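Here subunit A shows up in two complexes: once beside subunit B, once beside subunit C.
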Partner chain A sequence: MPRAGGTNATRADERHRPSPVRIDVEELGKSYGSFAALDNVSLTVKPGELLALLGPSGSGKTTLLRAIAGLTATEEGTIRFDGEDATVLSLRERRVGFVFQQYALFRHMTVFDNVAFGLRVRPREERPRAGEIARRVRRLLELVQLGGLEKRFPSQISGGQRQRVALARALAIEPRVLLLDEPFGALDAKVRKELRSWLRELHTETGLTTVFVTHDQEEALELADRVVIMRAGRVEQIGTPSEIYDEPATPFVCEFLGGVARFEVTAKEGEADVLGSLFPVEGDGDYHGPALAYVRAHEIEIVARERAEGVPAVIRAVRPFGPTVTVELSIEGRASRIEAEVPRELYSGGELGIGQGVFIRATSARIYAAN
Partner chain B sequence: MSSDPLALDTSRIPSRPSPEPRPFFRTPVSETPLVKAALIATGLAFIVLMIFLPLAAVFFEAFRRGVEPFFASLVEPDALSAVRLTLLVAAISVPANLVFGLVASWAIAKFEFKGKSFLVTLIDLPFSVSPVIAGLVYILLFGSYGFVGPWLIANGYQIVFAVPGIVLATIFVTFPFVARQLIPLMEQQGKGDEEAALSLGASGLQTFFRVTLPNIKWALLYGVLLCNARAMGEFGAVSVVSGHIRGKTNTMPLHVEILYNEYNFVAAFAVASLLAFLALVTLVLKSVLEWRYGGELAASGRH
Partner chain C sequence: MSNRSFALLRPAPSVLPGWGFTMGLTLTWLSLIILIPLAGVFVRSAGLGWDAFWTLAADPRTIAALKLSFGTALIAAGVNVVFGFLAAWVLVRYDFPGKRLFDAAIDLPFALPTAVAGLAFTALYAPNGWIGSLLVPLGIKVAYTPLGIVVALIFIGLPFVVRSVQPVLADFDKELEEASATLGASRLQTVARVILPTLLPSLLTGFALAFARGVGEYGSIIFIAGNIPYVSEIAPLLIVIRLEEFNYAGATAIAAIMLVISFALLLLINLLQAWNHRRTGIQA
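== the complex of A and B ==
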C-alpha cells in the first residue's frame, strides 16, 4: 500500500523548504462553563517533531489541537510559533494545515478541486496561475498516492483515500505546521495500520512540525517522536514512547496504556509485596501506607507448583493466539481476573489446562504511593 | 465419462429429495392479500374523493361553457390586476423569506446562543397561528385605530388595505418554509466544512459562496418553491388585510372568492384553475427537486 512518494518533484522542493516551526504552548486555559477543558497546559513541540496528544475522550486533547490551529479561542495563555505570538493571529494568518476527524471534504467538489481550494481562495496577487495550481495539485496527489483520482467526488472514494485527500488539501496551502485530529479514527483496523507507517514516511518527507490527536495508545507510541498524555485538561506526562512505556509517571498513565493488573497494596519502608515478591515504591524510598501496584501481563510468570514461589492461582481461560499466549487467572481474595502473557512453548507443552492450579509471581512491578 | 478421473459420477450422488410443498410464507411485516387489497382500496378511494375529484372539478367547471369564456374571464382587467398583484406579492415576499430563512437557519444551525430554542419556536409560530389572526395582528398594528397606524397614515403611508399590508401578511404566513427546510440539513452538516474552508485561508464570503451555499442549494430551492406556492395561494391572512378593493388589492384567491359570491362560476373557476395550474407546476418542480436532492442527501449520509 501507500508509501510516501519519493518523486523527483518533492526532492527538488526540499531544497527551498522553509525550516520547520517550533510551537510553544504556555499556560493555556479554556473552560466551558464550570468544565475546564484545558487547565494550565504548557508544552513545546520541537521543530520538525511528530508529536502525539494522547488521552481518553474529554481529556482536552482535541481542544488543545484546535486551540493551536486557531479554531477554538482560549481564555488564558499564549501559543507561539517560532516565538511569535500566534494567539493574536486569525485562523487564516496562522497558516495551519488541519486535517479534520471526519475529513470535512467538500462533497460537491472533485478531489482535484478539494485540494486546489486553498490555492484558489488566495487573494488575487498571491494566487498562483491556473496551470501552476494544477501542477501543484497533481504533485500533492502523487505524494499521497492518489494520482488518477482527480475527477472523483469524495463519495466515490474509500475512507483511506478520503483521509489522504484531506491531507493533500491541508498540505496545499504550504502550512507552517500540520495538525491532525484523530487521523485514523474513522478507518478500519487494516487500513489504519497501513496509513500509520505511511504517515510516518510522509512526515519524514515533508519535515513539517506535526501534532496529531489520538485515543489509541498503540498508535501514539508507534508513530510519534514524543507523546503527551492528557487527562482532564492537564498534561499528565510528556516523553518519548520508550520513556512513557518504561517509566509511566502516574497510576493514570499506567492504566491508560493498558494491559496491566492493578493491586492495592500496603507499603512498608518504601517497599510493597506484590504477588509474593517485594518491589520499591516509585520516588519514595521511605514510604509507609497504602499504595497502588501495576504489573504488566508479560511481567507475570506462571511457575510450577513444586517450586511453590509466588501465590496460588487458578487458570480460568486461555487465549492461544498471537506470539504469546494470554492466560486469565484468578487468585483468592480478588474479584477481577489477572492476565498473564506466557511463551507459546508453555502452552504447546500442554501445561495450561483450564481449572488447573498454578503459582504466579511478578517479575517486575511499578508501585505508586496512594496519597 | 469414466475415462476422466475428475469427472463426477453423478449416479452415486443421491438425488435431491423432491421439494415438499412449502407452506405459504410471508414476511412478518406483510399482511394477507385480502387485508392488503382492502387497505389499498381505502387509500385510493380517499385520494380520488378528496384530492383528485376536487381538482378535476375545478378544471371541469372552468371549461363548462367552453374555451372562450374561460380565457375571457382571465384577461378581464380585474382578473389581470389580481394576477399581477399576486405575482408582485410573491416576488417581494419570497426573496425576503429566502434571506430571512437563510440567516435564521445559519444562526441556529452553526452557533450556540441563549434563546436559541425560543427563536426556533418563533420561526414555527406562523405555522401554528391561524392566518386570520396573522392578518388581524397587522390591522391592530397598522390600522387606523392601531398602535402605529394613525401616525403612519398621517404621514401618508397606507399599510393596511393596501399592497404593503398584503406583502407583510404573506411574509408572516410563509416565514417558516425556507428556515424549516434548511435548519435540519445545516445542523446535520455541522460546522466542519466551514472550519475546513477557513483553515485553508478562505474569507468569510468565499466560505459562504463556495462551501455553505453549494451544500444547501437543493434544500434552499425546495424551501423557496414551497414558500412561493404558499405565497401565491394564501387566503386567510391576506383576506383580512386586503380590504378587497377590486383591481387594486385583490389577489387571485380573493378574486376567486368574490367571483364565486357573485355566482360568476365560470370566471371563478377559471381563475381558480390558473391557481391550481401554478400549484401543479410547483409540485412537479418539487418532485424533480426531491428526486435530485434526495440522492444528494443520501450521498452526504454515506459520507
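== the complex of A and C ==
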C-alpha cells in the first residue's frame, strides 16, 4: 500500500533515533582552593528524563552541568553515560549538546553556518556531504521554528531567536545528552513563558536525556520531570515537582521555594504551636526543643473576628491582583510581615481594610527540628 | 545655500551639548598638524607642472624605490600579523615567569631610536655578524639586501600588531571556544574558524599600523639596507638624496606619490573593516 512520503520519512527518523542515555554521577567532587564547588554529589538522570538543577548562585549547579559536559575537570568521582565512564572521553567523543547561558553563538557566522558548524568540523570520513548538511540544518531550523532566518547574523535576530539557534546548533551534532545552562536567564518574562512550554514540547519530540540549570524555582517545578535542589555543592533534595513542593526535605528547600513565612518555635513532645494551632515536627514524634516552622501564604487563614481563633494581627497592605488577594499582616513580637493569600470574595466583601485588626491562623505547617 | 550645506553637516540635535566645540577644535587641530603640512607637499609638487612631475615619477630609480618601500612594508606587516598574533596569544593566555618583562619588551621598538636598532641588526646580520655568519653557508644574505629591510621593518612593526590584538583577545569570550569544542571541533579548527575571524578587525588594524609605520621608516633601514640604487634604496632615502641635491621639486614629487599610495592603501583597509563590520557587526 502506498504511503505518504512525509509519514515514511518520520517513521524512518524514529527508527534511527538511538535510545536515550542514562547519566550516573557518582561521588563527584570539585574544589576551587578551599571552596568546595561540588561535594560528594551523586545522582542519576533517567533515560529521556528532563531534569532541573535548581539552587541559588554558588550552589554548584552550573559546575555540575559543566562537569557532565566535560567542560570542567573534576577531582573526584565519575560520570557515566549508559554505564560507560565519560570522564576519560574527550569533548568530541562525549557528544554532549551544550547550550550556554549567553548562547555563545559565533558572531561572524550566519544562523545557517552556526548550526552547520558541528557537522562541518567532523573528520572528513564522518562528515556529511554539503547537500546533506544543508538538509539537516534546514530541518533543525524548522524544528526550532526559525525557517527563513538562515542568512541572518546573530546580531540581527532577537534574544529568543538566538537561544533557539543555540539549541539547533547543539542538536545538530546528534548529541547523546542535552545540557542547558540557565536556558531562559537572559530573556524577558514574556518570552521566557513561551520558550518554556516550547522547550517542554521539544523535549518530548527529541526524547533526549536533558539536564538544565536554573535558579528560578517556578521554572524548575513547571518544566522538569524531576528537580535536584542544590546547596553549597551538595544535593539537598531530589524529587518530582510535587514531591519537592509537598514534602520539602529541609528548611533550606522550604525557604528556597519561597512564599513561606518562617517562625521560630519551641516543640514539646513532637508538636509545636504555630499561630495558635499545634502541628507535628517532621520525622521525630518525641522532639523537644527549638524548631523552625514554615507556613505557605495560602495556608494562612484570616478568621472572622467573632470567632477569635488563632492570633491577633493587623492588616498592613493589600495586593488585590491575581487569582487570590495577597494580604500583608503584622503580628505582635515579629519584625517581618506575614503574607497571606485569601479568596477574592473576602476582599470584594470589603472586609480587608488597611490598619484593620483581624485574627489569623495556620491551616497547615511544616516544622523541622533546629539542630 | 551655504546654510543648507552646513545644516547637512550637523548631526541631529542632541540634548547633550559639545558638538560645535569638539568638532571645531578637532578640525583646527587636524588642519594644523596634518592637513596643512601635507597640502604643502601637493602645492609644491603642483608647481612643477604635470609633464615635469610625470618625468620625475616615471624615473626608474623612483619606481624601484617606491616598489621596494611598499613591498617590504607589506611583507613585514604580513609577517607581523602572524607573529604578533602569536605573541599576543602567549601574553594573554599563559602565565609564565618573566611575563611582565616580556610584555614590556614588546614596546621597546616604540621607544628605541630606530637608528640604534638599525645598527644592531646590521651588526648581527652582516656576513661576519653572529646570525649573518650562520646564514652565509646557506646562501642567505640579509644585511645590505631587501631582506634586511624586511627584518628591520618586522622589528619596527611588531608592537602595533601585538597591542591591537592583545586587548581584543583578552576580552574574547571563553564560552565561544568551549562551544566550539563541545560541537566537536579540534583545537586547530577552533582557532581557525572561531577565534581568528573574531580577531580579524584587530589584526587588520595592526596590519595597517605596522604597514604605515613601515612605509615611513627611515632610521633603521639606512643602516641595514646598504642603499644600493635600484636594489635596496628606499623611497624616503631617495627623498633625502634629492633634498641633498637641492632638487626640492623631485623630493616633493616622490613624497606626493607616497602620500597618495599610502592613503589609498589605508583607505582600502578601512573600507575592508567597514565591510566586515556591516556584514557581521564585529567592531574593530
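By our rule, the second predicted complex is superposed on the first by the 359 of 371 C-alpha atoms of A that agree within 3 Å, B and C clash if a C-alpha of one lies under 4 Å from a C-alpha of the other, contacts with A are read in each partner's own complex, and residues count from 1 in each chain.
Assume contacts are C-beta pairs under 8 Å (C-beta built on N, C-alpha and C of every residue); 3 or more make two chains touch, one makes a residue touch a chain.
All values reported here derive from a predicted model rather than from experimental measurement.
Partners subunit B and subunit C clash in the overlay (superposition on subunit A).
Contact with both subunit B and subunit C is seen for A:155 once the two complexes are overlaid on the shared chain.
Contact with both subunit B and subunit C is seen for A:71 once the two complexes are overlaid on the shared chain.
Of the two partner chains placed by superposition, subunit B and subunit C are both touched by A:118. In the three-chain superposition model, subunit A touches both subunit B and subunit C at residues 69-71, 91-92, 95-98, 100, 102, 104-108, 117-118, 121-122, 155, 169-170, 172-173. Only residues 69-71, 91-92, 95-98, 100, 102, 104-108, 117-118, 121-122, 154-155, 169-170, 172-173 of subunit A touch subunit B when the two sit together in their complex. Note for the complex: subunit C touches subunit A at residues 173, 175-176, 178-186, 189, 193-194, 197-198, 200, 279-282.
Listed in rising order, the residues of subunit A touching subunit C in the complex are 69-71, 91-92, 94-98, 100, 102, 104-109, 117-118, 121-122, 153, 155-156, 169-170, 172-173. Contacts from subunit B toward subunit A in the complex involve residues 192-193, 195-203, 206, 210-211, 214-215, 299-300, 302-303.
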